[in-house]
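Pasting the structures here.
Note that chain A is present in both complexes that follow, paired respectively with chain B and with chain C.
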Partner chain A sequence: MFETFYPQLIGFCTGALLLTSALMVWRHSLLASIRLLALQGVALAALVAVIGIAEGESELVLVSLLILSVKGVGLPWVLAHQSKASIKQIQESPRLNPTAALLAVTLLTILSYVVVSRVFGLGDSETGHAAPIGLAMVLIGFLLLISRRRARSQLIGFLLLDNGIATIAFLTSGGVPILLEFAVSLDVLLVVLILHVFAGRMRTKFGGTAVDQLRELHD
Partner chain B sequence: MSFVLWIPLVGPLAFAGLSLLLRGSALRRFVGVAASSAVLVSGLLLVSAVLDGAVFESGGGMLRADALSAYMLSVVGAVGLISTWGGLSSAASSRTRDAAGYEALIALFLAAMSLAVLADSIGLMWAAVEATTIATAFLVGHHRTRRSLEAAWKYVILGSVGVAIALLGIVLIYAASVGTDTPTLSWVLLSQADRGLDPALITAGGALAVLGFATKSGLAPMHSWLPDAHSQAPAPVSGLMSGVLLSVALYAILRIQSITNLVIGPEFLRTMLSIGGLLSLLVAASLLIRQRDYKRMLAYSSIEHMGLMAIGVAIGPAALPSVLLYILGHGLIKATLFVISGRILKVEGTPVISDVRALLVRRPGLAVPWLIAMAAIVGFPPFSIFFSEVGIIMAGWSVGLGGVVGAALVLLLVIFAAFTRLTVQMTIGAPPDGAAFTPDYSTHGPRLPIILALVTTATIAFVAEPVGTLLLQATAVLGGTN
Partner chain C sequence: MTGIGAGLLLQLGLGALAVTSALLAAPSLRSRAGGILCTLIAVTGFVTGLDALLGATGGLLIPIALPMDPLLLAPDRLGGLFMLVVSGVGILVSLYSMSSTRGPDASRTAWVAMPVFLVGMQLVPAATDSVSFLLAWEIMTLGSTVLLLADHASRATVASAGIWYSAMSQLSFFFILAGFAVLAAASGGTSFTNLQAIEPGSWAANVAFVLFLLGFGGKAELVPLHVWVPRVLPEAPSHVSAAMSGAMVKIGVYGGLLVCVRLLPDGPAWWGIAIMLVGGASALYGILQASVSSDLKVLLAYSTTENMGLVFLGLGASMLLRGYDATAAADAALVAALLLAVSHAAFKSTLFLGAGAIIHATGERNLDRLGGLGARMPVTAAAFGIASLGAAAIPITSGFVAEWMLLQSLIHGGRQGGAVVSVAASVAMPLAVAVIALTAGLALLTFVKAYGIAFLARPRSAPAADAREVPPLMQLSLALGALSVLALGLLPGPIAALVANTVSSNPTAAVQSVGLGGVSLPGIGAVLDPIMLVVLSALVAIPVVVSIVVSARRHPHRTVDLPWGGGGSRARPRMQYTATSYAEPLVRVFDDVLKPSRDVQVTHVAESRYLVEKVRVEQHVSDVIETRLYRPVLNLFQRYGIVVRHVANGSIHRYLSYSFVALLIVLIVVSL
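Now for the complex of A and B:
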C-alpha cells in the first residue's frame, strides 16, 4: 500500500518545497515570507518522515520531529517575534522586479536539474530524481540573499539556503548522522537569533533595517 | 591519558560559566588567560604524547589527537594566551556586566576552536567552525558603534553563508560514503585508500567544502568581511581571529584535501587553491599600498599570509612543514601586533596612520615592539615567517609550480614595500612643529606576552628537535601514512 504512494508522497513534499521557495521570491511582505518559511519547514519534516517510514528507520522519524519543531515552529516564531501590526507593514523593495525574479527562479531550477543529472547522474531511486530540487532551493536562497535589501529578508534567504542543503542531504543519503543533525539545527538557530538581535540594534542605530545603509566601512 | 582531549573543551566552558558567576569581581579579567592556558597545556601534553608515538581517541572516536591536531591545539592555546594576556583589561573595567559576557564568549571561542581541531568527524569539525562564528559575532560587535554593527552583520552573514556552502560539500562527501559499505564522516576512515568513493561526488563535495572553509579563512575573492571584522573587534579578539581562527579554517581545508587527494588526485584542489592564494596576495597588495587605517593594514596582512599559506597547501607535502610552521609564526606575531595596535589606539585615540606620527620619539615603549613585530611579519630573519616563506617558495619550484610562486614573490615584494612605507610613516620622524613632549617609555600593558611571542618566533625555526620532528609527523598524517 505504502509503496504505491511513496513516489507520489516524495513528489508532493519536494513540490511543496519548490513552490514555497518560488513564492518567497514572489511575495514582498515579510509576514508572508515568514509564513511560507514555516510551511516549508513542515514540508521538509514531512519529506523526512516519508523517507524514514519507507526505509524503516525510526531515527529519521525522530529527526523529522526535530525539524518540525525547529524549522516549522521555532525559527518562524523567532522571526515573527514582534507585534503583528508592525510586521504587516514591512514591505520589501527588492532590486529585481517580480517578473524578472520569477524568471530567474525558473532558470535556476532548470540549471540545477542540468547540473545534477550531468555531474552525479540522477540514479534510479525516487529520491535521486528529486535531488535537483534541493540544489534549486540553495540557488534561490542565494538569489534572495543578493536581491533583498532588508536585514530580515536576507535572513530568510539564508534559511532557505539552509533548507535546501538539508533537502539535498535527505534525498541523497537519507540524512547526515543524527548528532550532526542536532549540531546543525542548533547552529542555525543561534545564527538566526544573533542576526535577529543585530537587526534590532540596526533599527535603533540606523532607524531602519535596510542593509544598503551599511556603507561606512570600505577601502 | 585520553581525558586530556576533554580539557581544552570542558576547561574553557567551565571558565566561561565562572565568568558569568563571578559578579563584580576583578578576577573575571583572567578568565580568557586561564582558558587559553588550559588549551595550551593540554596541547603541549598531547604533543609530547604524540612524539612518543601515542594517538589518543575519546568519546567513541569523535575526538582524536594525532600529530597535526596536537600541534594545532598548541597553536590555538599559544596565540590565545598572547592575545588575552596582552589585552588584559583593567581591573575597573572588568567589573561591568558587558565584561562578563565578553570573557565568557572568549572562552567559548577557544573551546570551539579546540573542538574544530580535535574532532575526527568532518561533520563535527564543521559544527565547531560554525560555532566559532556564533561565539565571535557579539565580540566583533562588542563596541556597539555603527561601524562595529556593520562589521558584525557582514561577518555573520558572509561567514555563515560560506560555512553553509562547506556543509553542502560535506553532505555530498557523506553521500559518496553512503555508496560504500560503511557510511561515515570520520576523516580517518574517509582518507583510507581503496574505499571506492564516487569521484564525481567527492570532486563536487571537496570543491564546495574548500570554497566554504576558504571564506572562513579569508581567501580572496571571499575575503570582504575580514578587514571590517578584524578592524572593528576589540584588539584581543582581532588577535585571536587573525592569528588562529583563519588557520583553523585552513586546517579544515587540509583535512578535506587529504580526502580528495586519494580519490581524484591533487591537481583539482591545487588549481583552486593556487588561484585563491594568488588572488589574496593581489588583493592585499593593491589595498595595502594606499591603506590609511593601521588595524585594517594588519587585517590585509592576514589576507596576504593566508594567501601564501594556501599556495603552500596547493603545493602539497613538500611545502606542508613550512605551512605548519607559518601558522604558528604568523599567529604569534599577528596576535602581538593586534595587541600593540589596541594599545596605540587607546593612547593615541585614532586608528588613522597619518595621525600617528613619530611614535619612536614620542612613545618608544610602544614603537620598539611594534617595529620588531613589523619586521617579523614582513619576513625578516631570524623570525620563523622568513623560513616558512622561503620553504614554500623552494617547494613550489621543486614541484613545478614555478610560475605560481614567482608571481607570489613579486606580489610579496610589493606588499613588503607598502608595509615598510606605512610603518616608517607611523614611527620614524620628528614630532610636529617641535611641540614639547616627554618620551613615554610605558608599554601600556603587560610586556611579558609580547617578549615571549617575539622570542618564540625568533628561535623556533632553529629548534629541529622536537619541533621539526613534530612538523614532519603532522605532514605524514595528511599523507595518509600515519
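Now for the complex of A and C:
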C-alpha cells in the first residue's frame, strides 16, 4: 500500500519545498515569508518521515520530529516574535522585480537539474530523482540573500539555503546521524537567535535594517 | 608517551595556563605570573630540545579528520638544536620581561601573545609534516605581530612597522606555503618523509627551492627581503626584539636547513651558489647599514641581517662543496653556519636586552645622546661589552669560533688533496673569504662604536647622566646571556661535536673535541683551543701585570693639575666624538652604496657674515633597497588599489553576488 504511494509522497513533499521557495521569492511581506518558511519546515519534516518509513528507520522519524519542532515551529516563532501589527507593516522592496525574480528561479531550477543529472546522475530511486530540488533550494536561498535589502529578509534566505542543504542530505544519503542533525539544528537556531538580536540592535541604533546603508566602516 | 611527547604536551599546557593567567590576573601580578609561566615554558622547551638533540626519539601525534597525513610533532636532532636555541633565548627574555615590562608592554594582550609566540616558535622545529609546520609558523607570526603592536597607541611608527611586518611575514608565509604545495603535489603527501622522496634535480624541486628561499629568506632577514627589520626590531619592545632577532630569525634559518639538508639534500650546484650570493650580499649590506647607523636598535637590527647572511653563506658553501664531494669541508662549513646561528642567538639577544636596559634607564636609543653609562650601569655595560665582543667575533667569545671555522672551511674547501675540486668552488670560496673579511672588519668598527659611544666617555644628554642600573632580574638575564656567549666561546669542542651530530652522517670525521674543550677539524687539519689560548695569554700577561702592580706600589700615585690644559681641561661632552662623526669616514667611503642625504645649515652672526653663530648638520641614511625596489612596487599597488576600490565598495550585496555568480559559473562549468 505504502509502496504505491511512496513516489507520489516524495514528489508531493519535494514539490511543496520548491513551491514554498518560489513563493518566498515572490512575496514581499516579511510575515508571509515567515509563514512560508514554517510551511517549508513542515514539508521537510514530512519528507524525512516518508523516507524514514519507507526505509524502516525509526531514527529518521525521530529526526523528522526534531526538524518539525525546530524548522517548522521554533525558527519561525523566533523570527515572528514581535507584535504582529508591526511585523505586518514590514514590506521588502527587493532589488529584483517579482517577474525577473521568478524567471531567475526557473532558470536556477533548470540549472540545478542539468548540473545534478550531468555531474552525479539522477539514479534509479525516487529520492535520487528529486535531489535537484535541494540544489535548487540552495540557489534560490542564495538569490534571496543577494536580492533582499533588510537583514531579516536576508536571514530568511539563509534559512532557505540551510533547508536546501538538509534536503540534499536527506534525498541523497538518507540523512546524517541523529546526533549530527541535532547539533546542526541547534547551531542554526543559535545563529538565527544571534542574527535576530543583531538585527534588533541595528534597528535601534540606525533606525532600520537596510544592509545597503551599512557600507562605511566605523572604528 | 615518550619524554619528548610529554615535554611538548607540557609546553602546550603551560602555554594555555599562561594565556589564562594573562587574561585573569590582576594588573599588578600579570607581569610576574606571565614571566614565571613563560620561563617555565622555555625551560620545558630547553629540556625537550636537549633530549631531542641528544638523540631521543618520539613525539606527539595529533589525529585530524581531514584527509591527509596526521599532524606529528617529533623533533629530530636538528629540530632539537633549534628548540634548544629558541628556548634558551626564551628563558632570557622571560626573566627579563618579568621586571622590564611596564605600561602598554605589560598589557593583557601583550602577555597573552607572549606565551603564544614562545610556544609557536618551539613547535616549528618540532613539526614533521608541512601542515603542522605551517600551523606553528602562523602561530609564531601571529604572536610576534601582536607583541610588536603593544605600544601602537602612543607611537605612530609602531603602527607603520606593524603593517610592514604583517605584509612581509604574510609574503614569507605565502612563499613557504607555495613551496610545500609544489612538493606535496609532486610527492603525493604532506609529511616530510613523503616530501623527501622527491628527486632534487626535478623541476618541482627547483621551483620549490626558489619559493622556499624567498620564504625563509624573508624570515631570516636576507637582502632584499629584509626591509621589515630596520622598522620592526627597533619599534618592538626590547625583550620582543631580543626574542625576534635571537630566536624567531633562527626559525627562518631552520627552514633553510630543513629544505637544503633534510628535504632536498644534494641539490644542483646553482642552489649553493644562489644561497652564497644572497648570504654574501646580506652580510655586506647589513653590516654597512649597521656601521653607519646611530640608532642603537637599528644598528643591532641591521647587524642581524649581516649575521644571518654569514649563516646562509656557510650553508651555501657547504652545499656547493658537498656537490663536489669535499665532504669534510662541507660538514665543517655547515657546522660553522649552525654554530654562528647558535652564538648569534646568544649575543644578539643579550645585545637587544642590553639596549632595552639602556632605554629602560634613559629613554634614549639614539647613540648620539648617550655616553658614560659604563660607570652608571656596570652590569649592563659588562654584559653588553661581552656580547659586543661576540658580535665583533673577537677570541674567547662564541662569534669568533664560528667565523674561524667558517673561514677554515672556505679557505681549505676549494682544494682537496692539493687538487682544485671545481672551478665554481675555486672562484666562490676566495670571494666568500673576502666578503667575510670585510664583514668582520666592519663589524668590529660597528661594535666599537656601539659600545664606546654608549658606555664610555661622558654623558651626552641629561637622561644619560641620570641613568641608574636596571632591576636585579634584568641584570640576571643580561648576566646569563653574557655567560652563555663566553661559554660557547670557551668550550666550542663539545658544542661543535653535538652540533655536527645533527647534520653530518659521519660527525667525527668533520669535527672533534680536543684538549680543554677545544675544537679540531680533522678533514681540514685545523685546531682551536680557546682555553689553552687564554691560559697561554695569561702566562704571558701575568708577569707583566705583576710587574706593573709592583712598580705602581713603589711609586705612589700623584695628582697633577695641568698647568696649561690646551683646552683639554675645559672639554665639554659636546666636543666628544659622536656615533655619527665616528662613522663619517665610512659614509664617505661607501657613499655610492649608502646614498646618504646630508643637510648642512650655517647661521651667521647678524653683524658679520665671517662669524658663524651655529652650524646644524643633519644626515640621513635611507635603505636603498627600500627606496629603489619596494617604493615603485608599492606605488603600483596603490594605483591598482584605487581602481579596485570600485569593485569592492563595501556593499554586502555586491560581495554576496560575487560569490553567487562564482558558484553559478562553477556549476555551469562542471556540467558542461
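Assorted remarks:
Here, the second predicted complex is superposed on the first by the 217 of 219 C-alpha atoms of A that agree within 3 Å, B and C clash if a C-alpha of one lies under 4 Å from a C-alpha of the other, contacts with A are read in each partner's own complex, and residues count from 1 in each chain.
Just so we're on the same page, a residue touches a chain if its C-beta (ideal position, glycine included) is under 8 Å from a C-beta of that chain, and two chains touch if they have at least 3 such contacts.
Keep in mind that this is a model prediction, so the values were computed, not measured.
After superposition on chain A, the partners chain B and chain C are seen to clash. The larger set of touched chain A residues comes from B, when the choice is between chain B and chain C. In the superposition on chain A, contact is made by A:Leu143 with chain C only, not with chain B. By the touch criterion defined above, A:Val61 lies against neither chain B nor chain C after alignment on the C-alpha atoms of chain A. In the superposed model, A:Leu111 lies in contact with chain C only, and not with chain B. Of the two partner chains placed by the overlay, only chain B lies in contact with A:Ile194; chain C stays clear of it.
Of the two partner chains placed by superposition, A:Ile53 touches none, neither chain B nor chain C. Contacts of A:Leu180 after superposition on the shared chain: chain B is touched, whereas chain C is not. In the superposed model, A:Lys205 lies in contact with chain B only, and not with chain C.
Within the superposed three-chain model, A:Val119 lies in touch with chain B and with chain C [touch as defined at top]. Clashing C-alpha atoms between chain B and chain C turn up only in stretch 253-261, chosen from 1-9, 253-261, 271-279 or 433-441, once the structures are aligned on chain A. Common to the chain B and chain C contact sets on chain A are residues 119, 145, 211, 214-217.
Taken in their complex, chain A has these residues touching chain B: 119-121, 138, 145, 151, 154, 158, 161-162, 165, 168-169, 172-174, 176-177, 179-180, 183-184, 187, 190-191, 194-195, 198, 201-202, 205-206, 211, 214-217, 219. For chain C in complex with chain A, the touching residues are 649-653, 656-657, 660, 663-664, 667-668, 670-671. Considering their complex, residues 121, 123-124, 126-127, 130-131, 133-134, 137-138, 141, 144, 146-147, 149-154, 156-157, 160-161, 164, 167-168, 170-172, 174-175, 178, 183, 185, 198, 200-201, 204, 227-228, 231-232, 287, 290-291, 296 of chain B touch chain A. Put simply, chain A touches chain C in their complex at residues 95, 111-112, 114-115, 118-119, 139, 142-143, 145-146, 149, 211-212, 214-217.
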